[in-house]
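Structure provided below as structure tokens; questions to follow.
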Amino acid sequence: MGMKVLRESWPEWKDNTGVRPIRIGQVSVGAGPPIIIAGPCAVESFDQTLEIAEAVRDAGGDMLRGGAFKPRMSPYTFQGLGEKGLEILAKVRDRTGLPIVTEVMDTRYVETVAQYADVLQVGSRNMQNPPLLIEVGKAGKPVLLKRGWAATVEEWLHAAEYVAAQEGNLDIMLCERGIRTFARDEYSRNILDLNVVPALHKRTFLPVIVDPSHGTGDADFVPPLGLAGLAAGADGLIIEVIAEGTERGDVKCDAYQGIRPSVLRKLIADCRQHFGQRKTDAAPV
Amino acid sequence: MGMKVLRESWPEWKDNTGVRPIRIGQVSVGAGPPIIIAGPCAVESFDQTLEIAEAVRDAGGDMLRGGAFKPRMSPYTFQGLGEKGLEILAKVRDRTGLPIVTEVMDTRYVETVAQYADVLQVGSRNMQNPPLLIEVGKAGKPVLLKRGWAATVEEWLHAAEYVAAQEGNLDIMLCERGIRTFARDEYSRNILDLNVVPALHKRTFLPVIVDPSHGTGDADFVPPLGLAGLAAGADGLIIEVIAEGTERGDVKCDAYQGIRPSVLRKLIADCRQHFGQRKTDAAPV
Amino acid sequence: MGMKVLRESWPEWKDNTGVRPIRIGQVSVGAGPPIIIAGPCAVESFDQTLEIAEAVRDAGGDMLRGGAFKPRMSPYTFQGLGEKGLEILAKVRDRTGLPIVTEVMDTRYVETVAQYADVLQVGSRNMQNPPLLIEVGKAGKPVLLKRGWAATVEEWLHAAEYVAAQEGNLDIMLCERGIRTFARDEYSRNILDLNVVPALHKRTFLPVIVDPSHGTGDADFVPPLGLAGLAAGADGLIIEVIAEGTERGDVKCDAYQGIRPSVLRKLIADCRQHFGQRKTDAAPV
Amino acid sequence: MGMKVLRESWPEWKDNTGVRPIRIGQVSVGAGPPIIIAGPCAVESFDQTLEIAEAVRDAGGDMLRGGAFKPRMSPYTFQGLGEKGLEILAKVRDRTGLPIVTEVMDTRYVETVAQYADVLQVGSRNMQNPPLLIEVGKAGKPVLLKRGWAATVEEWLHAAEYVAAQEGNLDIMLCERGIRTFARDEYSRNILDLNVVPALHKRTFLPVIVDPSHGTGDADFVPPLGLAGLAAGADGLIIEVIAEGTERGDVKCDAYQGIRPSVLRKLIADCRQHFGQRKTDAAPV
């Protein structure tokens, strides 16, 4: 009932690896080693985006993240470059070969964002926005569905069902990005909920991505919590990066959680060492 | 900076009552006794809506609430009658004289909803949806802005600022409807946060409405928590009602939190007895 | 099973008012108008305690609260006067006639505290301390059992059962004092959970006391939230008071949540006006 | 001020590994590879305890955990064998060589428990119990201080300071065991907070132990979350085990979170493979 499409699609996969792989360009999410999605919080310029994208690619990353439409707390902070940001992302994809993950947050722009993006991201604030989920479900692109910061698993899976129910699109990645608890802002912006990783793998075949950047809000915590996410069984990470020479004060959003390319390189190397072989028995896609 | 328009509009009010009244039809919110908004969770039919609206009016209620567009957890539950629901609300307003509060949840429908509604409700799930807040801000109607169930006061006031920043519309009511805590679903769906009532009155001139229906999820708790909301200083209540003869199992949403008209009548009488004279020294609008 | 003694004692009361009255000196808790317990956070000296106690009595308060043993976060802050504090409380009781509520936090001191106190308070930090609950249960005095700040109702009622299970002592008041949520320390130290008031009245015959002082952490919020607690159906309030002439910086604990005697007087007058007659149909004890 | 002893002891260690090693028998916590503490929830009998202890030792575990005094929600469930349980633990230590970690929860029993135990555990419910912390601080034994399930880091470190402040005992391990959030009991009893691991390593030299058993409440989640804890940088794990042939329904406490010895063996092997060499550059103790 509540999870009709997602449940009906489950039987064929349950005897396989438990995760249904999603093909995005050359990348398979949920099959083989975990994927690494990395990039700037927001697309600020072509040069900034290209520099970071090349660093992501050189570090061994699989996909590029970057926001063109940014949902911000205040109306007076940077709201993203909009469609111009999408164009930048597309050019950077041409130069680096990295598929693009970018957020869409308005039903009126789903079609536009889908023309540029390889993966449509639905942000935490919109996880329970039915009209948006419906339009995203119709767009026919893989989806990265972030968990609302106070959403239950039941609510999250029903949000995925909204997407799947439109056209039967099962290419949905669930992204844990930290929950809001009493510990808010004491030592960490959010608390990364890694219990949810095996909990999701028990309930669904959708791949699980962990976002240690938003899940901690602190660049120093990203490597240990990123590794922890994979140790808990996640199928990939999504990570914010700031360019090597950029002052944190000059970054237009999430300035303190972006890691430097050198840190990313070390983190990806650690991931490959420990988790690279984790899924070699997975069926090739 | 963060609260530019709302702060700049504050000085002229701070020596007055502290709350800037909002005129909606014959009703003044924030001046005089607290207002009572009541009605069905969702508009299900003309007859159902009229029956409840007449009961609300006869009980002494000031405005009618009712959802035409419903944000639901599951894609397979009743999603509201949409524009047909708006038409029903308008007809019921003609018959009862009660101004209408109804939710809008998609940027593409703001203009349409604004043609019918007296107050545009932004729901909890959309409190941090900037494109929607921006469109609502442009619509020029009074707004009821529900708090996200894990939103801080800073986030909530910034959401109000998104509305105010478009055209200087200050006719925004802030609606507390329960927060999500560790106590979720043990004895109550949410926990009504009444601490936030004086906290908001310290920080802003916007009127504060309390929703004991969503704030408890239990019809039995609505009268005591509604009275508590007013005792804490709220400028009004918003309450869900189900018709006297309707089986709870037949209601299409929130079946267990709606109170019966007879209970509403008693609750409004208690409100008038205890809080009716609370603001008689307020400046007439 | 889990609630044996408390459940078995329920039948005789369920057709009465729903609350089993507790007699403490001249006061009946749970019968007649709500009771007001007030006093300093900590007993600091005889003069300070007497001054506040007289103010409480003159304002119409029913009992005196005051800590002799204080559970503090830091080992370097004031830990209470210990047994000397108990002696002061007893002398002040002799002078004012007010029964005394004071905390016990160590199994080794239960007997001592019980020699002085009229009501033994078990604090939030000890709500799930079985050895202490057991000793308190054996002491044969009325108990004020504060809720742990992240305790469920099930845990709370079981803590009461620990007390009741020793010698069948049913003279237990349940005290809601604010829960810890994501909103911690933004605009309020804790969030006062008033949903729990009707929830407890549904589940048990034990009287419910609301503590707006700890429940908000802000003296300005104590009157509105205290009134809200009674509107929600509480059987009484417990309130921290600081002397009229004392600088807040000179108070040894909880300096910013104590209200002045003049504020207490107004609050008690409001309570009497609105809630004084609430339970006149209750059976006299 | 607040953290006097712990801060003053910090300088000599900060240029070392950042963690001050604690020697317990042959084990060094915080130096070399992470330690594994494992054993039954409660000591139920000599045979049960010995069987599990031998399994822990054979699997490569470093210490034995087991409760003799159990803080239970209900007064009618198994409360532990008390001093008889301590005697069993001591005999099992003689047979297996494994040092013993066991909880003390009453000031009157600290001396007794300290005669048997190698490490005194202070449980979550007592993290903010000053009299107990003070007595434990005087006992001169290493301490495992569990975090309260709604405790801030500030509160937790101050609890450690209570212990350290008595006699300068710095042999304190901080144990994260899951926090209480809105997600309580949906898919997991608690949420294991791994953000706190690097946060603690930034603030103190005390070793950090992760408890995936209480942190999840589900045996299936213990291996992934245990590995995640070490990936986040923890200095060790504490894990509940049930004997291979025991029915879960026959276990006297925490029946669904204990893992089988075969699962423990695999988990420890994985830990050694990935994290065994993590601290080889640490100074030998």
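When the chains are written out, they are named A, B, C and D in that same order, and each has its own residue count from 1.
In this text, a residue touches a chain if its C-beta (ideal position, glycine included) is under 8 Å from a C-beta of that chain, and two chains touch if they have at least 3 such contacts.
Computed from a prediction, not measured in an experiment: that's the story for all the values here.
Chemist: Farthest chain from subunit A, going by the mean of C-alpha atoms per chain?
Modeler: Computed centres place C farthest from subunit A.
Chemist: Of the chain pairs A-B and A-D, which one is connected by the greater count of C-beta contacts?
Modeler: Contact tally favours A-D.
Chemist: What is the distance, in whole Å, between the centres of subunit A and subunit D, each centre taken as the mean of its C-alpha atoms?
Modeler: Centre separation, subunit A to subunit D: 34 Å.
Chemist: How many angstrom lie between the centres of subunit B and subunit D, each centre taken as the mean Cα position?
Modeler: From the centre of subunit B to the centre of subunit D is 49 Å.
Chemist: Residues of subunit B that contact two or more other chains, please.
Modeler: 150, 154, 180-182
Chemist: How about subunit D: which of its residues touch subunit B in the complex?
Modeler: Its residues touching subunit B are 150, 180-182, 184.
Chemist: In the complex, go through subunit B and note every residue touching subunit C.
Modeler: 150, 152-154, 179, 181-183, 186-188, 190-199, 202-203, 215-216, 220-221, 224-225, 227-233, 274
Chemist: Could you pull out which subunit B residues touch subunit A in their complex?
Modeler: 1-2, 4, 71-76, 79, 105-108, 125-126, 128-131, 134, 149-150, 154-155, 158, 161-162, 165, 180
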